[in-house]
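What follows is chain A paired twice: with chain B in the first complex and chain C in the second.
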Partner chain A sequence: MRIGKALQLAVTLLAAAFLLVPTIQSVLAGVTVNYFQGIRSGLTLEWIAVVWELYASSIFLSLGIALACLCVTLVIGVPAAYALARSPGRLSRAVEEFISLPLAIPGLALALALLQLYGSYKGFRMSPAFILVGHVLYTLPFMVRSVQSVLAAIDLRTLEEGAATLGAGPVRRFFDVVVPNALPGILAGALTVVTLSIGEFNLTWMLHTPFLKTLPVGLADSYASMRLEIASAYTLIFFVMIVPLLLAMQWASARAQRMSQ
Partner chain B sequence: MSTRQFVALCLVPLAIFALTFLALPLVRLVLASGEGEAGWGIYWQILHTPRYLTTLVQTVLVSVSVTIAALAVSTTAGLFLTRNRFRGRAVLLSILTLPLAFPGVVVGFMIILLGGRQGLFNAIFPGHGVFAYSIFGLFLGYLYFSIPRVLLTVMAAAEKIDPALEEAARTLGAPSHRVLRDVLIPALAPALVAAGAIAFATAMGAFGTAFTLATNIDVLPMVIYTEFTLSANIAMAAALSVLLGIVTWGMLFLARSFSGSTIAAGG
Partner chain C sequence: MTLTLRNIAKTYPGGTRALLPTDLDIAEGEIVSLLGPSGCGKTTLLRIIAGLETADAGAEIRFKDDDITHQPVERRKVGMVFQSYALFPNMSVRGNIGYGLKMQGLPRAQIDARVDEVIALCRLEPYAGRAITALSGGQRQRVALARAFAPRPRLLLLDEPLSALDAALRGQLRDELAALLRQFGITAIFVTHDQDEAMAIADRVAVMSQGRVAQIGTPEALYRAPQTAFVARFVGNSMPLGGRIEGSQLHLPGGTLALTAPSDGKAAFVRAEDVRLAEHGPLTARVTAVTFLGTHYRIALSGATEDTLFCLHQGQSAPKPGETVRLAIAPQSILILSPEKAAA
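Now for the complex of A and B:
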């Protein structure tokens, strides 16, 4: 058993090293004068400045699209999650299954489908809205599921009946009873939507235009054509944005899950 | 307005969006696959063109190997982390789930930092450490994003196993490998099938990682991409996408019927 345990620990540590070592390398390479010579060549923020000059617009585009995506998924997703939680059954499950298709079908295939149907509408095709549609497709199921699982755990009918006897109509009940109760799910869903939108590449690569590059599209561009230090500095900026979001998302999801049990 | 009407109204935005940007485009994609010279025979053509067939076989082989490796690594680590409490456990768990939010391109770059020309391994073993752009590099890239996904599914299931079962087996004198084989693996089986299906589907459809690493390797997403952009063979790109979509959807459907939830595809 001793040996077995040591072996398990070794596998766990090796896996953690495999995931962590290259991220540390990229952080270091992003602030090293010359990566080939190593840290001895000195530390610098020059590469970060170069990235900012080259790619600041892509960073802002990604933030803008993520926020827009959050707004759209809130407006579409929260009422839908309420309706699905309110009338559970085969039809609701089918709807949920259908809108979850973008999680199961590779982004590349979805992007091709969008391009086939809407690619010739140039005004739409060339606008950020085209990328936004892709991001909403991909993130919407997370918002719906997150809100729905919180709502499914509370006795919605009784709460609403209580409010109804006090004279609240359905719209008022939605905003005053349903939304406050769904908040933990909405928060978890919102953080997931923003995190996934900022990192989305598979759909975006096909949907973007040369004038509309999102952060991950810029990353791919820098990996292909820039020196290692610049690519690393850009990745470092991405990590600084995404890691706090990921941690917040995991915290909020665990909290929402505890509440729905 | 009655409650019924309001609830129905709540579904309207979703219905409009899903119809316009999901249902119709997918129908268009399927139709586009039949609009080439070969018509619907294009699906037959995929199986009779050596290049596409090799691509399919190669993609499935890489995905299967990644699935097996990820299951082995993540089950070991997942069981270890659920059954031991020690200082640093939370940090270790964070490290192991960190790549969940990495896009596929970043995962590809991680492998370049390990196995590229300026990578870690080439610095340690000069001249022998470049593997990033080989099929092995692609395998490592897929493994990188599969480990966290499988780990979370396995750990969620492992936490639900009653420790008394294992204790009982030990009291009855079962050696460790028998406990693993007769108690733990059967209890984890549904989660392992689900996690395996998720890993396989994600690897099959991974575009970002392949885009960074597989410049010279034919895997399905890369072939779809080149058919579409370089060869402008829209029908073939659409047909291969339909095929890929059916396979990944089928695998994830399988995963869901074995365990409650699925973790986002991507990579």
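Now for the complex of A and C:
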């Protein structure tokens, strides 16, 4: 029994090391003066400064797209989830499947479809809005599902009827009753959307232009064309941005799940 | 009349005729109870009055001179207490009670004053700042009542407001609710399937059966003079005296009883409290079970009628199961009604 436990622990540690060692190595490389001489060459923040100089626009573009994506998925996703939760039936199941379609299609295919459809509209094709459309298509189902599962767990109809008898019209009911009670789902959905949007590569790689590189696209670019230390420093910056988001996302979805039980 | 209902019927999309054309008039300040078995259409009628359900074409709902038939819920100024209370979990007790006043667009100070007043009236002071999830069932029930009453509705509707509580609490809260409604002085309609609740709270009770109002009247009138067999059975648990009526004689398996008047073609009913043990009574029966209920014994008897007959016996002792006893039923306590139709 004890041996079994020890073995289990060893395997877990090994797996963790398998994942962590390359990460740590890469992060370390980003603050090492010369990677080929190793840590002995000294630590520096110089590479991070270089990355900032070269790729700051990518960071801001990614943040901008993520926030815009969040706004759009909130405005479309929350009412959509509400409508689906209010009228469960065959039609709403079909709508739900349709919204979730981009999850099943590879990002590349989705990007190709967008290019075919809008590629000839040069102004749109060259603007960040083009990437935004891709991100919205990709992240919307996460927002809808997250909100919907929280709404499905409360007796929405009766709560709304209660508000209606107290004089609240449809709009007031939505903002006073539906939204506050869906908040845990909205929060979990929002964090998922922002995290996915910032980290999205497949689709964005196909849609981007030389002047519009998002964070992960910039990362690939730096790996391909810069010295290893710079690429590693980039990875470091990427981690610093995405890890807190991931942690917050996990916390929020656990909370939303508790609420919907 | 304050509230006038004409020709209210409801057919659900699936084809269920939940309510057959119904008329009802309710006076200012009156408390009316809709009483009936499960599925008879009580909730449907209440929800139509609230505006949460639309009646079939041809219906008319008037509040004084105001035709509200086609008014949406939020403009009807009707307070509703839901079976599940439907309190907003995202608001405190105060927030819930003040919500209706906020919807009326009253200034903050006025809302606060009214909320304080209602909280005091419903004795909710200790819980005013609490979250809804931190309240017991009985407390939630009072918050739901306070919330519905705070915006001064012209009519208060309650759908089985006590049914979510356990039996012991229900009895206590029933009297409390009756007292509060009187104190409010508000016109109220109250749905229940518990006759004690209806009797304790209402000025008038409308007994419903299969989508129609079978009889409406004061609790005493319903109890003393039920007009149909259904009402007799439902209010006060009358038992059928199954036998043959010839003139003013009722022939039963256990003997013959005298009636007050010739009643050929009718059906006879009696209540357990009107069946007496009497040494020289005209009916013979065998005791099958005896239950001691503190103030009295409940005796089950067979052989007197076609079904089991119950007798409530007040005394120091009761006969034992298996003994043969004689019974008497006074002619004036026998209810003579039209026979029940097949499924009524």
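Annotations for the structure displayed:
We take it that the second predicted complex is superposed on the first by the 254 of 261 C-alpha atoms of A that agree within 3 Å, B and C clash if a C-alpha of one lies under 4 Å from a C-alpha of the other, contacts with A are read in each partner's own complex, and residues count from 1 in each chain.
What we mean here is this: a residue touches a chain if its C-beta (ideal position, glycine included) is under 8 Å from a C-beta of that chain, and two chains touch if they have at least 3 such contacts.
The shown structure was predicted, so the numbers you read here are calculated from the model rather than taken from an experiment.
Ranking chain B and chain C by residues of chain A touched puts B first. Contact with chain B, but none with chain C, is seen for A:Pro22 once the two complexes are overlaid on the shared chain. In the superposed model, A:Pro106 makes contact with chain B only, not with chain C. Of the two partner chains, chain B is the only one that A:Gly77 touches; chain C does not reach it. In the superposed pair of complexes, A:Gly169 makes contact with chain B and with chain C alike. Of the two partner chains placed by the overlay, only chain B lies in contact with A:Leu245; chain C stays clear of it.
Contacts of A:Thr235 after superposition on the shared chain: chain B is touched, whereas chain C is not.
Judged by the document's definition of touching, chain A residues 164, 169 lie at the interface with chain B and also at the interface with chain C. Chain B makes touch with chain A in their complex at residues 1-3, 5-11, 13-14, 17-18, 21-26, 28-29, 32, 73-74, 76-77, 79-81, 84, 92, 94-106, 108-114, 118, 120, 143-144, 147-148, 176, 201, 204-208, 211-212, 221, 224-225, 228, 234, 237-238, 241-242, 244-245, 248-249, 252-253, 262, 264-267. Residues 154-155, 158-159, 161-169, 172, 176-177, 180-181, 183 of chain A are the ones that touch chain C when the two sit in their complex.
Within the complex, the chain C residues that touch chain A are 50, 52, 72-80, 82, 84, 86-90, 99-100, 103-104, 147-148, 151. Residue ranges on chain A touching chain B, taken from their complex, read 1, 4-5, 7-9, 11-13, 15-16, 18-23, 25-26, 29, 35-36, 75-77, 79-80, 82-84, 86-87, 95, 98-99, 101-110, 112-114, 116-118, 133, 136-137, 140, 142, 144, 160, 164, 169-171, 174, 195-196, 199-202, 205, 216, 219-220, 223, 228, 231-232, 235, 238, 242-243, 245-247, 249-250.
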